[in-house]
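Shared between the two complexes below is chain A, which pairs with chain B and chain C, respectively.
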Partner chain A sequence: MSDRKLPRLLQTPAVLLLLVWMLIPLGMTLYFSFIRYVLNSLRRPEWTTPNLSNWRGFGNYEFVLKSKDFLFAIQNSLFIVCSILILTVILGVLIAVLINKTFPGQGIVRVLLISPFFVMPAVNAVLWINMILDPVLGLQGIAIGSINELLESLRNVPLVDWFFSLWPKLEPISFRATQTSAYAVIIMVTWQWTPFAVLIFMTSLQSEDQQQKEAAVLDGASAWSQFRFLTLPHLARPIAIVVMIQAIFHLSLYAEIEIVSRGNGNKNLPYLIGEFANNNIGAASATGIFAVILANIVAFFLLRMIGKTLME
Partner chain B sequence: MGRIQLKNVTKSFGDVQVIPPLDLTIEDGEFAVFVGPSGCGKSTLLRMIAGLEDLTSGEIEIDGEVATEVPPAQRGLAMVFQSYALYPHMTVRKNIGFPLRMAKIEQAEIDQRVETAAKSLNLMDYLDRKPADLSGGQRQRVAIGRAIVREPAAFLFDEPLSNLDAALRVGMRLEIGELHERLKTTMIYVTHDQVEAMTMANKIVVLRAGVIEQVGSPLELYHRPQNEFVAGFIGSPKMNFVKGPEAEKHDAATIGIRPEHTDVSMTDGAWKGRVGVAEHLGSDTFIHVHDTGLADMLTVRVTGDISVKHGDTIYLTPQADQIHKFDAQGLRI
Partner chain C sequence: MPIVAKTSRFSKYGRPTVAWVVGLMFFFPIFWMVLTSFKTDADAVKPEHLIWFTPTLENYLNMTENYDYWRFAKNSVITAVFATAFTLVVGIPCAYAMAFNPSKATKDVLMWMLSTKMLPAAAVLYPMTFLTKSAGLFDTHFLIILVLSLINLPIAIWMLFTYFKEIPKDIIEAGQMDGVSTMGEIKEILIPLAWGGIAATALLVFIFCWNEAYWTVRLTTTDAATLSKLIEGNRAPEGLFFGRLSAVSAAAVGPIVVLGWFCQKQLVQGLTFGAVK
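Presenting the complex of A and B:
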């Protein structure tokens, strides 16, 4: 038995540290979520210090559930995460298969492809929303402006003028608006995280058995069939890994949402927590507990789904 | 039907020519074995026939029709790979049925043909398993099953037994031989193991550095090797070569004598030597003889057991009618 005790003893400090690291914040969040605790209140100064005498029971939870943004934030969280997952996996597989072939300049192309992943999220958001998606000054505005100009000039050309006069004038999309700000976040995060998917899929593709491919060629499999019956099943595990890691990361998106529209029409749970935490720590903590529950539900389904793939 | 003809076929990788112009005909129903040391181009040649490698020049004809530009799947050839190349995500049933599925054959017929193949290969109990759950020999049989269902004009085997242990290898050798007797389909088999070549082939093609050294039946190669290389490659243990005055006595630059064609005596004989290691196999004894003054080491094979000790003096006498003579270029005289 003693040979087991020693390794356990040696592990204990690390395990304890991790437990403390996790349990203290969780405990404090739980505690705050059951009391009235605000940062600033002239009317009720006693609420500005956390104290058991300010016990509110499930009041904070009721308050959060009844607030108009809560359900929207949950839906929006899931919408953003799922969209990003689908887009990055599809784009990642396509790009990885494309650059897996040898071609001149392969090294440079691969480095360039990976580079978006090293851009900081806030910088990424600023670049996209101002330089690319801006309806006037961004690439989008400039492109749509030039297309409109081109259409305008073509309307004055004889013979084809009737055809181009049928075309409407294109309107740029404002990605800071309530209806579109979620799409802006999806676009920029997809751009940033596709390289991650590409990187993982590419390493997996390089371990693919070439003799299997040759056998499939001799068996009469077309390029599509080889992809469908060999490459895609081979990628099942890396896809599972990419989905799991990204799901965990994207449930806590914050910088992009803040920069694109300051939460206008586009909130997720972390952003809602941030908004409450401006003053109402009790409500923010209750939202935090909801976020923990949501993350656990997602993790439960992911682990079941992915565990099956990883077992094989 | 499966008559395969190679006409003036060459292959270069960049500037390196691995196969200089080569002609070869494999008749319908033949069991041809390409044998040679590793890197001699035998696998490349097989892959060229399969269509997995392009020809640098020359032509391949299958049943009299030029197949050089025909894509691999349409050549009607089935290949069994060294690593088996089974599809890991599919069950045995799906693996064997894959070529039929790709050919868009009806599911009912696929099932029926897969079962027939599985029955003939004793795979019925494993049809719903994945390749990872099978032993090496079973995987090999699945790979063969996948080749059989296509009813190909010829089978191509690329060192199919080299990943199996010795006992299983002997068993699979018999099974493949049996399969050839039953199907009477042309088979081309690549190996570096001359025992496999000798036991299975109708026709052995000995290759060295992309050049065919000799083509013939196993016994032809054994009894009348055309050059020193073939003589040394075919037969186990290896033929002994003697150069110098002893060879000049026979008007040759080199003479070769097989270990089994040398008589052994402890008292007198043509060549005197000292016993080195003696390998006792029970049925045979291989004695390695040193200090004969003829070559570094001569090997002799004695049927049954003979009690010799390390360091004993021993006399060897080659059987006169079994001496192979080669000229200075290594060609048979």
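Presenting the complex of A and C:
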């Protein structure tokens, strides 16, 4: 039946689209990474158009490797991604187990919990860095300010004044410095993606073998050992999936870092590429190739992790 | 039995209390944004008006004037709707072929597709800008729809594939016996059977499209700029315009949050990615 050939052909549009989408920009990036190519140059105007005569070999790669930001950007990328993964998986498992039993208002709690997942990253970043974490005008600043005021007034109360005058004055944390703004990014992305982990774990818990659990209860298994030996193994696959999908999204984290950091030095690899791309396209492209290599290393392990279970 | 008694006391009071506290904590930032959106810009940064203030609709009424909200919202709706539709049109046949006519390469193709998601967008931003500008596609709806579809296609195909795989082959093959064409099979048998999974996929893709903040910001200027671009372009300098910024932010995430609430059942049942047997 000639009709049987059609099913396999149905993959082609998707495959072709993705192939073009991947190969053409990647090929151009590769090309630019080997030539001198800048957007503005008064001294060397010939470098402002991509041309093979501006061949630079591995010069751009050397330049990037020697720049002081490169290693930091890689470390910071991994620090941010891994912290988010650890936090979301732990919180996700705890919350999913917590709300898996019926209780009054379960539906409402579920809605409240998953809402952050729908918030767009730009809004997420603007909201957290301005209205919540700002050391003066945000809730953090206001809360610490009012605690200080309270302490201050208690210092004037007779009998207890000596006690409160020994208390320190609290200092709000500024989340605009290099290291602290990485924490701010981790906080806001964890807030947004924990609901995603909860959603997936919740779905998985619903298929947990209840008879097995009841048997364990009858055998006198403690809540902890039920969790440790029944629930956690059951969640192994969904945890792998959550790690994989989040790694895909967070390796290319950009909007949050741009909004929070504003060039204060907190950068990941995509952000460093963006900085180079303000003028030096050659260096930006070489960094891009490094990023592709890093992503492939991560992808290799992640895909092997879930690939096995995928085809079962 | 003592154990049962002990757990049930926790189940009765402890669990609901902790669950409610956690739920409210997670929702609090959104609540705070909505609350701030009803304050004037001046009130929004005054501690004495933290909770007690005279609510005003001014920020919402001036949204068009301050931010040109509706133009961006219209672009978000157009691009997200068409991108979701296009993703499904390309993704469903592909996932169908992979699930019901798998070959040795199917797994590798699927893995390769997912790996394209891992390419850092920033690495190819400059070539993309260059190409789209020279092709005259920069800042058009067409381009944004295409790009949004392409970045979501791998995840969509993966999700669809995991649902389709659970459908017994016999049902599809029965259709083949009856001489139904391949397209007929997809339309008449597959789509009705996998409706829940397709709906969940569509929903997730739509959310990702609406919230996308890299390409939509960098491949547009005005004509096709979406809400992400609006917010990113207006991120306030410290303390200025908290009120109006909250209002436009709430208006930007509002539609998708409400959609998510209504469809949470589909999401809870649908987001498995093959993790549940």
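Quick note on the criterion: the second predicted complex is superposed on the first by the 283 of 312 C-alpha atoms of A that agree within 3 Å, B and C clash if a C-alpha of one lies under 4 Å from a C-alpha of the other, contacts with A are read in each partner's own complex, and residues count from 1 in each chain.
Here, a residue touches a chain if its C-beta (ideal position, glycine included) is under 8 Å from a C-beta of that chain, and two chains touch if they have at least 3 such contacts.
Everything numeric in this text was worked out from a predicted model, so none of it was measured.
In the overlay built on the shared chain, the residue A:Val185 is in contact with neither chain B nor chain C. Applying the stated contact rule after C-alpha superposition, one finds that A:Ala197 touches neither chain B nor chain C.
Of the two partners, chain B and chain C, it is C that touches more residues of chain A. In the overlay built on the shared chain, the residue A:Ala73 is in contact with neither chain B nor chain C.
Of the two partner chains, neither chain B nor chain C is touched by A:Val81. Of the two partner chains placed around the shared chain by superposition, chain C is the only one that A:Ile95 touches, whereas chain B remains out of contact.
In the superposition on chain A, A:Gly220 contacts both chain B and chain C. When the two complexes are overlaid on their common chain A, residue A:Met22 makes contact with chain C while staying clear of chain B. In the superposition on chain A, contact is made by A:Pro7 with chain C only, not with chain B.
Contact with chain C, but none with chain B, is seen for A:Leu112 once the two complexes are overlaid on the shared chain. Once both structures are placed on chain A, chain A residues 217, 220, 222 are touched by chain B and, in the other complex, by chain C. Residues of chain A that touch chain C in their complex: 3-4, 6-11, 13-15, 17-18, 21-22, 24-26, 28-29, 32, 95, 98-99, 101, 103-106, 108-123, 125-128, 130-132, 134, 136-137, 139, 142, 145-146, 191, 194-196, 199-200, 202-204, 207, 217, 220, 222-223, 237-238, 240-241, 245, 247-248, 251-252, 254-255, 258-259, 269-271, 273-274, 277, 281, 284-285, 287-289, 291-292, 295-296, 298-299, 303, 307, 309-311.
Those residues of chain A that touch chain B in the complex are listed here as 209, 211-212, 214-222, 225, 229-230, 233-234, 236.
Looking at the complex, you find that chain C touches chain A at residues 3-4, 7, 11, 15-16, 18-20, 22-24, 26-27, 29-30, 32-33, 36, 45, 47, 50, 90-91, 93-94, 96-98, 100-101, 103, 106-107, 109-111, 113-128, 130-131, 150, 153-155, 157, 162, 181-182, 207, 210-211, 213-214, 217, 227-228, 231-232, 235-236, 238-239, 242, 245-246, 249, 252-253, 256-257, 259-261, 264, 267-277.
Residue ranges of chain B in contact with chain A, taken from their complex: 50-52, 72-74, 77-79, 81-83, 85-90, 98-99, 102-103, 146, 150.
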